[in-house]
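Each of the two complexes below includes chain A, the first together with chain B, the second together with chain C.
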Partner chain A sequence: MLDLVIEASALAFHPYVLMYVMLGVLLGITLGAIPGLSGDMAIALLLPFVFFLEPAMAMGLLVGIYKGGLFGGSIAAISFGVPGTPGAAATSIDGYQAKLKGKPSKALHTALYSSVIGDTTSDLVLIFIAVPLAAVALSFGPIEFFALYAFSLMLIAALSQGMVAKGLAVAAIGILLAMIGRDPITGSARLTFGMPGLSGGLSLIPVLIGIFAISEVVVQGAKLWRRKVDKLMDDVAEQASLLQGYDIRKDQLSWVEFKSTLKATYIGAAVGTFIGALPGAGQSLAAFMSYGLAQRFSRKPEEFGKGSLEGIASAESGNSATAGSTFIPLFAFGIPGSATAALFGAAFILMGMTPGPSLLNDNTEIIYALFFTLIFANLVNLVLGKVLLPYYSRIAMIQPGYLIPAVFILAIVGTYAANNSVVDVWVLLFAGVLGVTLRLLKFPLAPLVLGFIIGPGAERALRQSMIMGGGDWWVLVSSPIAIGFYVAAVVLILLFTFALRAKK
Partner chain B sequence: MMTPKMSKISVAISAAMISTAMLSTSAAASDAESLLGSDPIRIVMPYGAGGSTDITARIIAANAAEYCGTRIDVVSMPGAGGMEGLQFVADAEPNGHTILMADYSATITQTLTEDTDWEVEDWAPIVHLTDWKPTVYVKADHPIQSIEDWIELAEAEPNTLIFGHADPLSLVHLPLVLLEMETGIQNVHLPTTGGGETRTMILGGHAHLGMTLPPSIVSNVEEGEVTAIGVFADERSDVLPDVPTFQEAGYDVSFEAPLLVYTFSSVSDEIQQALADCIMQGLETETAQTMSNQASAGLNNVQGRESAQQIYRETTERVQEVLAAIEQD
Partner chain C sequence: MNRTMVRELLSVALMLSLGVAGLLHIQYGNWRVAPLVPSYIMPQTAYYFLIASGVWVLAMLGLEARRRRQGQGADEGPAQDLLAIGLASGLMLGGAVVYFWMVLNLGLIVSTYLYNAVLIAVLAPGARLKSILLVPVLVAAAVWVLFIQMIGITLPPSLLF
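What follows is the complex of A and B.
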């Protein structure tokens, strides 16, 4: 065993490997920060070249890109309200509010620390308890998945306090939008109004960026315009805004503030690790679930949605904590649980290693080296992030006159680049219009996105369950795991209701 | 040699890697080079990145560029169930720089069942890369362990066995439909998101049987987690040599799925030929063959236009027959 550790660390800590990890993290953070571009995209492009690299170097590069990308997504989410990656959607809720209050540096540092803590937790779980967790993950069939989705929808729909009805209503709109496209069971097109471009459904990225970013750009643009008009009419001097007086020295994350976010970070780490191990559940769900649970257990739930550092920490830690555990089904059974895991699976294959139960036995050294690399990449992420964040904080505070067109262009180019699709750009613009409308009517936006994210999975799981049960609804409570989720949902809602009453 | 015309931002990212790692467009001046010019060639793949088709496309991109005289980019366009990728190739200038790589689900089945701007004949297959052999498998401790067990149990208790497969009418579903017509058995058809979810369902005991392509379950078969019970092909699969075909078991059902490279039919005959030649040359190299072996991509018997056109015609007829039969039901 000791020999193995020594050999594997010799592989993993070879200077070239370390260089590739650093290159990867830098590339990942940069790509993740640009909306629409993602670490996955770079990994896909680099796939053929892993064949020509030493496995340890190739792994270092890909792992670096992946981890950097997971954190990078939060940079645009906090700075511009544009989630750089789907996983950062939940981060943008509180992150962008914190920035608007002139605290981009605090927000970005919270995101960095919680991201690294969540990720490291998940890696340790992968290294030490992959096998038992994989067995639990397998017991999640359609019936259990539907219960999980129902649980998270319950948890999130009531996110916005005092607006439970509105929250549920927009969640329903999200589910409706997700139903456009192909029926998951019969394959026929529905709700497309005869437009072939819609037959594949709306993609996540344009909906996400449209709802959050385009609507924000329009609102900000309108504000700017009105201020100009006001100035013209009254010739009143513009008030010195937060932006002009931004001083990064007053915007440092203190130790006390950091400690106050730790509970949320741990909740995110646990939820993210578990959700990451379930094939097909995804980063966005992990982030939103962590966010919802952290709010429930927070001492200051009323600050969520208004720039709460706990909100940022839970979302970002939940998102990043999927990083290690998403490999669990891949290593244990050869099942890629996410798009990223599929790409890593392809990379393993090209390096002559077959993902699956024999992976570890046949390639013990290199897999142990990969474990070291996973942990090391987190350190690189932490250091690089720490170095870069002051610059990113300043970028976040650029004057809106320059920022608004830049975000608009980024959103359109990024959306197109993600799927090479013009239809997606139209979807982006329509989602933007919808976002503005909902903002004007004072609807919360987060439940809509969650509804959109879990809609397809929930519908598929429900209908698969019904097929398996021959049309009998009782099939939904035929599994102990499913019953557990339903009970937990009811208990949480009751607890929360009583807690609210007690406060009054 | 890097052309300055980077079509996508993301390409630029890999530029540095490409130039250091490989792609020294050598003096292998060929017909392809003079006919095709120096603009990059795009292989459009109507699926997500990371799957079997993606790996194969990237093996082509890495090896054929030298012979085609220009860079080759792989573009993944899974939008609109793959239809957006096909539309993109159909709308592109017919100069051979935008080509398609797909199995028959996209070009034949969907074209026949949906309202598209093109007909099946509008796709000109130029390279026949490999044939995929749909394979039925079960969990290793399931009572069904052979084709005979399955048919027997399904006849005794119709509509109780749950069969997981990817999209309806896809290449891992049509063979099941054919077998049910041939034998009269009935199973509960459970559509999944793809091979990964099907495998979760089988391993977790949520579905009884599943269909997939051999390379994706080799490891699980070797570890004794699942048993592959039968292959819908004329001959056994190279990677699962112990698994019988359905024909061997006495059921005349075989439905291999050819993986083809296409141009749109408006591309000139000369360019089609030049593309076919340079892709095949690239895939014959030692590097390409090693990559293919490691990935179980099956690129050891790549065929040119004649074979590609013939298999495309035959597959079209098969699909038409099955669809007509389903319609009658």
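What follows is the complex of A and C.
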């Protein structure tokens, strides 16, 4: 064990890996601070480059972007009342009010510290829970695995934006996209519609970049075209005038104030870690639930919504505490519980590692190095965030009209570069059109990605189960563990449906 | 009929048409027969889910319409500007097809410069001519360094560079 820790730490603390972590955090905070651009989009765009990096370096870069992006979202939320990422929506409630009251520095520092505490708690839970859970998963057969896949799909479909039917439909579309290509058992071509280019199936990179990045960029482009940005810039100028006569010396977060936010931070860390481990629940739900609970247990609940530092701490800690635990289902069972985990799962696959219980056994050294990187990235996030905080709120004012074309071009050339494949570029544009259509019709996108990634595994488990049961569908409920998963899915869906209604 | 209702009806139409078309394709298409577990078992399950979800949304729409008639309806959210998204999709995704054709035939640097300049001219409000001409130079240079020098992607021989 000691040897393993030494080898993993040598890998994780290699100067190049550290450099990539710092670069990632810097990129993540910068992109997260710009409304409309998110860490997920940056991770999707960087997937083609994973091919060209050592696994530890690639993981360092992606982890850095993810963690930086989580905190970066709160900068725009506090500075302009515009959440940089969906997870920062709850932070903007009190964060923006605090800024309007002349406390932007206190608000930003509270967000930074609570984000790092929540994130670190979640990482520690991941480190200590993923390994034993993966050992349990090794005893699963196809019936249990199919139940687990169905459990994850049901949960992610039900909890993504609270639209169960649309979530299930879009997960089905994701599974259908994954079925394109050769049937793994009979070898015959399926759903290729006579196009030889599709017989190998759709590659992960163009589908993920198309669904996440291209569709987002097109929607942002449409907003720009309508000159909404002019209004945003006017608002920014108006808000800047509010800060005339602002004295930063009077706006320093004191130790007493920091201590007063700790209870809210711990509530957020606990709630976020739990919610993050559930497939589909997501950062936004974790932040709002943490905010609600912290308000209930606060000594000054009446200050929530009026610039309360406790409100900022709970929301930001809850949001960031999903960061580590969202990887628990991916590491233990091979099931990405969120869009970010799906992107990391794709990165693992691109590096030749299969997410799931065997991931830890087959790649012990690199996964333990990843654990070290997760913790180290929090430290980098804290230091870089602290040093660069005064400059970051200006980043949100960069005109997206100059950034979006560059992002779009990078997506196209990056997709081509991954496999030198022209077909991949057409798949990317098709996925972009699909993503825009689904966004317009208000379908959640995360279930589609989950369906696409776990589709082949779910099909394999289903067909193996059916063979075992002689073609009888009842075989799927013949295992107590499988029944447990189906019951748990129904209970959790009902529980969260009621919780979401109460929130509204 | 309000915009939300139209959007949801379009969603239902998408789900039902995809589900029904898929089942018809399974019924009449050329699928290889396999004992116990035919190769269409997973797609078929997905199509059933699509149809069931479509019916579910339709039922919810019926309930919502009834509630609205009784005066309990919720206020409508902000409307999506379909025209803006349609135009942006046309310009960016249609333009991307032209851009990639140009990359393969004219060259990566020239195509990147031209496409980036066009997008900035259309998307950046109040962009000055100097920015439209200079920013694409930086982007084209970054693309060249990243993809040609560092990664070394292979592109077919082109007319320019």
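The working rule: the second predicted complex is superposed on the first by the 279 of 504 C-alpha atoms of A that agree within 3 Å, B and C clash if a C-alpha of one lies under 4 Å from a C-alpha of the other, contacts with A are read in each partner's own complex, and residues count from 1 in each chain.
Convention: a contact is a pair of C-beta atoms (placed from the backbone, for glycine too) under 8 Å apart; a residue touches a chain by one contact, two chains touch by 3 or more.
It should be emphasised that the depicted structure is a prediction, and the values quoted were computed from it without experimental measurement.
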item: Partner chain(s) touched by A:Leu441 [first = chain B, second = chain C, both, neither]; value: second
item: Partner chain in contact with A:Leu429 - chain B first, chain C second, else both or neither; value: second
item: Partner chain(s) touched by A:Ile185 [first = chain B, second = chain C, both, neither]; value: both
item: Touched partner set for A:Phe52, first chain B, second chain C, both or neither; value: both
item: First, second, both or neither for A:Ala339, with chain B first and chain C second; value: first
item: First (chain B), second (chain C), both or neither touched by A:Pro390; value: neither
item: Contacts of A:Gly352 with chain B and chain C, given as first, second, both or neither; value: first
item: Which of chain B and chain C A:Asn420 touches, first, second, both or neither; value: both
item: Chain B and chain C contact sites that coincide on chain A, given as residue numbers; value: 49, 52, 185-186, 413, 417, 420, 467, 470
item: Residue ranges of chain A in contact with chain B within the complex; value: 27, 31, 37, 40-42, 44-49, 51-53, 138-143, 181-182, 184-187, 189, 196-200, 203, 279-280, 329, 333-337, 339, 342-343, 345-346, 349-352, 354-359, 413, 417, 419-421, 423-424, 460, 464, 467-468, 470
item: Residues of chain B touching chain A in the complex; value: 8-11, 13-14, 17-18, 21-22, 48-51, 54-55, 58-59, 61-62, 75-84, 87-88, 114-116, 162, 167-169, 188-193, 196-197, 199-201, 203-207, 216-220, 222-223, 225, 287, 291, 294-296
item: Residues on chain A engaged by chain C in the complex (per definition of touch); value: 49, 52, 164-166, 168-169, 171-173, 175-176, 179, 183, 185-186, 188, 190-191, 214, 217-219, 221-227, 229-230, 399-402, 404-406, 408-410, 412-414, 416-417, 420, 422, 425, 429, 432-433, 436-437, 440-443, 455, 458-459, 462-463, 466-467, 470-471
item: Chain C residues within the chain A interface of the complex; value: 7, 10-11, 14-15, 18, 22, 31-32, 34, 36-37, 39-43, 45-47, 49-50, 52-54, 56-57, 60, 80-82, 84-85, 87-89, 91-93, 96-97, 99-100, 103-104, 108, 112, 115-116, 119-120, 122-127, 131, 135, 139, 142-143, 147, 150-151, 153-154
